[in-house]
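Each of the two complexes below includes subunit A, the first together with subunit B, the second together with subunit C.
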Partner chain A sequence: MKSGKFWAWLVFALGAAYFFIPLIATVEFSMRMRRGEYSFDAYKVVLGDARFQATFGYSVLAAVFTIILGVLIVVPAAYWIRLRLPQLRPIVEFITLLPLVIPAIVIVFGYIRMYGSNSPLPFLATDTGTTALLVIGYATLALPYMYRAVDTGLRTIDVRTLTEAAQILGAGWGTIITRVILPNVLIAVLSGAFLTFAIVIGEFTMASLLNRPAFGPYLQNIGANRAYEPAALAIIAFAITWGCMSLIQILSRFAPRSANRPN
Partner chain B sequence: MRLPTQWLGVAPFFIFAIMFLILPTLYLMLGAFQNDAGEFTLENIAALAQPSIVAAYWISIKISLASSLIGAFAGLAIAIAIVRGGLPDWIRSATLTFSGVASNFAGVPLAFAFLATLGRLGLATVILNTVFGLNIYAHGFNILSFWGLTLTYVYFQIPLMVVIIVPAIDGLKKEWGEAAATLGATMSQYWRMVVIPVIWPSFLGTVILLFANAFGAIATAYALTGSSLNIVPILLYAQIRGDVLHNAHLGYAIAFGMIVITGLANVFYIWFRTRSERWLK
Partner chain C sequence: MADPFLSIQHVRKSFGATTVVEDFNLDVERGEFVSFLGPSGCGKTTVLRMVAGFEEPSAGTIVVGGKDITRLKPNQRNVGMVFQAYALFPNLTVAQNIGFGLKVAGMPRADIDARVAEMLGIIKLPQMADRYPYQLSGGQQQRIALARAIAPKPKLLLLDEPLSALDAKVRVSLREEIRSIQKKLGITTIFVTHDQEEALSISDRIAVMYGGKAEQVGTPFEIYNRPATKFVANFVGTLNVLEGTVTDAAAGTVRVNSEQVSLKGKLNGSKSGDTLSLALRPEAISLGRQPGRDSSLSGEISEVHFLGSVIRVRVGIGGNTVSLDTFNSPATPPPAVGEKAEISFSSSDMLVLH
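So, the complex of A and B:
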């Protein structure tokens, strides 16, 4: 058992080295901008860059709309499948897994060919339409995570009883979903939302191929043209991802373990 | 009257999935079998056999395979170490948290991090050179190469493996170890005859998931190497942007090839998954 512990420590230490060295190196590199001393100049340059602010703002907004779209699509479907159409579950689960099978670049390629200016649905003819298509594309990327998060949330509440109780009290479907179901799965929805945010904020492929002024293409552009700023941006991006994941962890502590007690 | 209300809740989901997931993919897949006049043809698929495209597929497959295998074994080792290695509890939870972050830390920023580490002026490169006298670039290493990209991909592959495989290892019941010990099994017999057969399907399934994960990725590779490393997603990216192959339908065929490869990978994944669930209930 003693040697087992030694090996465990060794494996852990090697893993920790592999994962921390790039982070340390990136921090170090990002502070090298001023000759001969460490400084936060690269961060100042990046944060002060008008294009950083514009593209970051654009991507945050795109992420917010992606989350709203994802919730609007996923919550009613997941709820309805639990309540009335359990036979559709395998089909819906299969569809939500498709974005993991079909690479993002293929999905966006399909959009470009199908929704061009000359098509019946010319999303790409206008700027707003193209942005809408980007948000839609992001929602498909987020679909697997959003669906699983919401479905897990619904599993912990007694959907049928809550629905019937609300109906007895005279609530309509809109009221039931927005005022009974949604508040109960809010934590699950928020977890899905933060994961979506982490995925979407620096996304490159779709934004670049749709020519959107988003954060991902901006990052790529800086990477191709600057020396120290990319390292600073990598640290900022890591911090954002870390923030999203921490929020999910904190939220999960508030999630109900199981309200679905079998009598 | 009954049918519409019955389907109303799931209608937005299905309309969305058909319009923005299934139809665009089908469109490309059909386009791969059509010529400019819209007639059926196998020419586009046959044209995939040209050396530059075959080379692109081959290097993509090699990188995906190498990064998924390295990521899988390293991830498994770490998972076993933190679950069964008798390490303090906080290490387990810290590793899992970090894995959640690192598995989502991909794309362009990851490329930046590795350039800062193993690029020509990166910290690791410089320290290896000045402290250990080892100039890795003089020895043929280049971050803009097969191994450079593989090493970078491993950064999100290992944590993904950890996140997925830890529950499987947790699922190993304590009783099985005790039963094996009661029957006089040695530690190595217990591992060989109990642990590995039980973990094997979910391990293989995850390897395949990692493979598909790496195969479709483009942002990291593009930010790291520009278009100097000719992997399939980068080839397709260039084709979408500027029709570099001078044949629109050949682009469809490349996309079709990608779907076939990741699709096959996922068929195996689902197959292994159902096998592993038998044990890990």
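So, the complex of A and C:
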């Protein structure tokens, strides 16, 4: 028993070391900007950089729109598949996995060919159009995470009976989705939203090839030209991602408990 | 029935090549409590779901209060429904659950609050308004579901096996409560169950269903005492089935295990020599010869089960076994297995199954 515990702790320690040592090294390096002493100078430089603020603000806004688009597409689709078309589930699951298999660069080149200024849908002819296309692209990249999060949430409730109970009480589809289904999968939707946020904040390929002033290309640019700031940026980006994950954990505690499975 | 409130006429429902409901007909009076009773897969829930609008009939019509609702959507029917799985909205409090239908209908807030309070009073849970469904027991959840269903004052109340998920004691008290609320409000109700005791105890009428059809529609008394078909006789209550041979069709005599039983007037269509299935309820049989019982059969006691107030005795008669119940008497010990016994009954209690 004791020997088993020892090996378990050893494996845990090795895993933790593999994970934390590079992180600690990055933190340590990011604080060595001032010679001979530790400081937050690199963070001050990064946070005070107008381009950081602009690109981060741009990516946050893009993330918000991506989340809205993702929710509008995924929630009704996942709901309808659970309710009326369960036979389509394997196909839809396969489709939602495609963005993990098809590289972003392929998707973005497809966009450039399909939506150029000479195409019937000239998204790329204007900055707003290109940003819209970027948001659509982000929604595609986030699809596997958003779909799975929402589908898992739907699995915890009796979708069909709740829908029928609402219908028989006079509710239409809009009311059913907004007042019955969405509130009961809200935590799952938020999980998907935070994952989407984390993906969008760090995404480089699409933003770079569509020439948008997003945070990902800024990260790459700083990384190529500075010494300490990229480490600080990496830690900031890491903190944002971890912040999102922590929020998912905290919010999941507030998920409505199923009436059918009382504690 | 002069002017039925609910009229289900020639309703059929097929899923692909499978027909689950076939030519179902039923008229229900205003304020009546009708149960659909039958085994799993007999089509009772499908009929209920067609009345609710969740399934569209392949043929036939459903009329409520003179209005054809066959093709209306569920949210256009003004029908209340209680589901087996409660189906309370987990994100809403008890009060919000009960007020859901009223809010959807656009009722003013003050009126909703008043109606919710009234409903909580009716189901005797006034202190539960701010609780969430997961904080309630199964019985409490189902009472809330009932309150939610009747809060918008529906024309029709549909109960889809609402007691199946509850334990036995709660089931009995809740079914009495449902019946009492239904009578108080005078709401026309369809109750789906596979539990015969439930159906017999609270219904005005019962539709016994089998194979997608209504085998018999009648009062609990008629269903139990005058079953129209072999299925109804077997499904409702405990039944002893004996094989008999018609010895004299004109005189109405039948031989059961070498003894003659007179069934005058019950052998319509049978000829001498025909084999018949004869049925007797356990409570129609007495152990030993009893005054007023005109028929008797002899056999041997094969099983004795002491059930407290009642003793269930099984008597082997030729190739048949007959169950009967006798009341426990502290002064008299129960009969012993292997004893010779005579059972007696009134031939008028004997049913001929066709």
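Basically, the second predicted complex is superposed on the first by the 248 of 263 C-alpha atoms of A that agree within 3 Å, B and C clash if a C-alpha of one lies under 4 Å from a C-alpha of the other, contacts with A are read in each partner's own complex, and residues count from 1 in each chain.
Throughout what follows, contacts are C-beta pairs under 8 Å (C-beta built on N, C-alpha and C of every residue); 3 or more make two chains touch, one makes a residue touch a chain.
Source: prediction; values computed, not measured.
Asker: First (subunit B), second (subunit C), both or neither: which does A:V46 touch?
Answerer: neither
Asker: So, A:I187: does it touch subunit B (first), subunit C (second), both, or neither?
Answerer: Neither partner.
Asker: Using the touch definition from the top, say if A:P76 reaches subunit B (first), subunit C (second), both or neither.
Answerer: first
Asker: For A:E164, decide between first (touching subunit B), second (touching subunit C), both and neither.
Answerer: After superposition on chain A, A:E164 lies in contact with subunit C alone.
Asker: Applying the document's contact rule, which stretches of subunit A touch subunit B when the two form their complex?
Answerer: 1, 4-5, 7-9, 11-12, 15, 18-19, 21-26, 28-30, 72-74, 76-77, 79-81, 83-85, 88, 92, 95, 97-114, 136-137, 139-140, 143, 195, 198-199, 202-205, 208-209, 216, 219-220, 223-224, 230-231, 233-234, 237-238, 241-242, 244-246, 248-249
Asker: Would you mind writing out the residues of subunit B in touch with subunit A in their complex?
Answerer: 6-10, 12-14, 16-17, 20-25, 27-28, 31, 74, 77-78, 80-82, 84-87, 91, 95, 97-98, 100-102, 104-105, 107-117, 121-124, 154-155, 158-159, 209, 212-213, 215-219, 222-223, 226, 233, 236-237, 240-241, 251, 255, 258-259, 262-263, 266
Asker: Applying the document's contact rule, which stretches of subunit A touch subunit C when the two form their complex?
Answerer: Subunit A reaches subunit C through residues 157-158, 161-162, 164-172, 175, 180, 183-184, 186, 256-263.
Asker: Applying the document's contact rule, which stretches of subunit C touch subunit A when the two form their complex?
Answerer: So the residues of subunit C touching subunit A come out as 52-54, 73-75, 77-81, 83, 85-91, 100-101, 104-105, 132-137, 141, 145, 148-149, 152.
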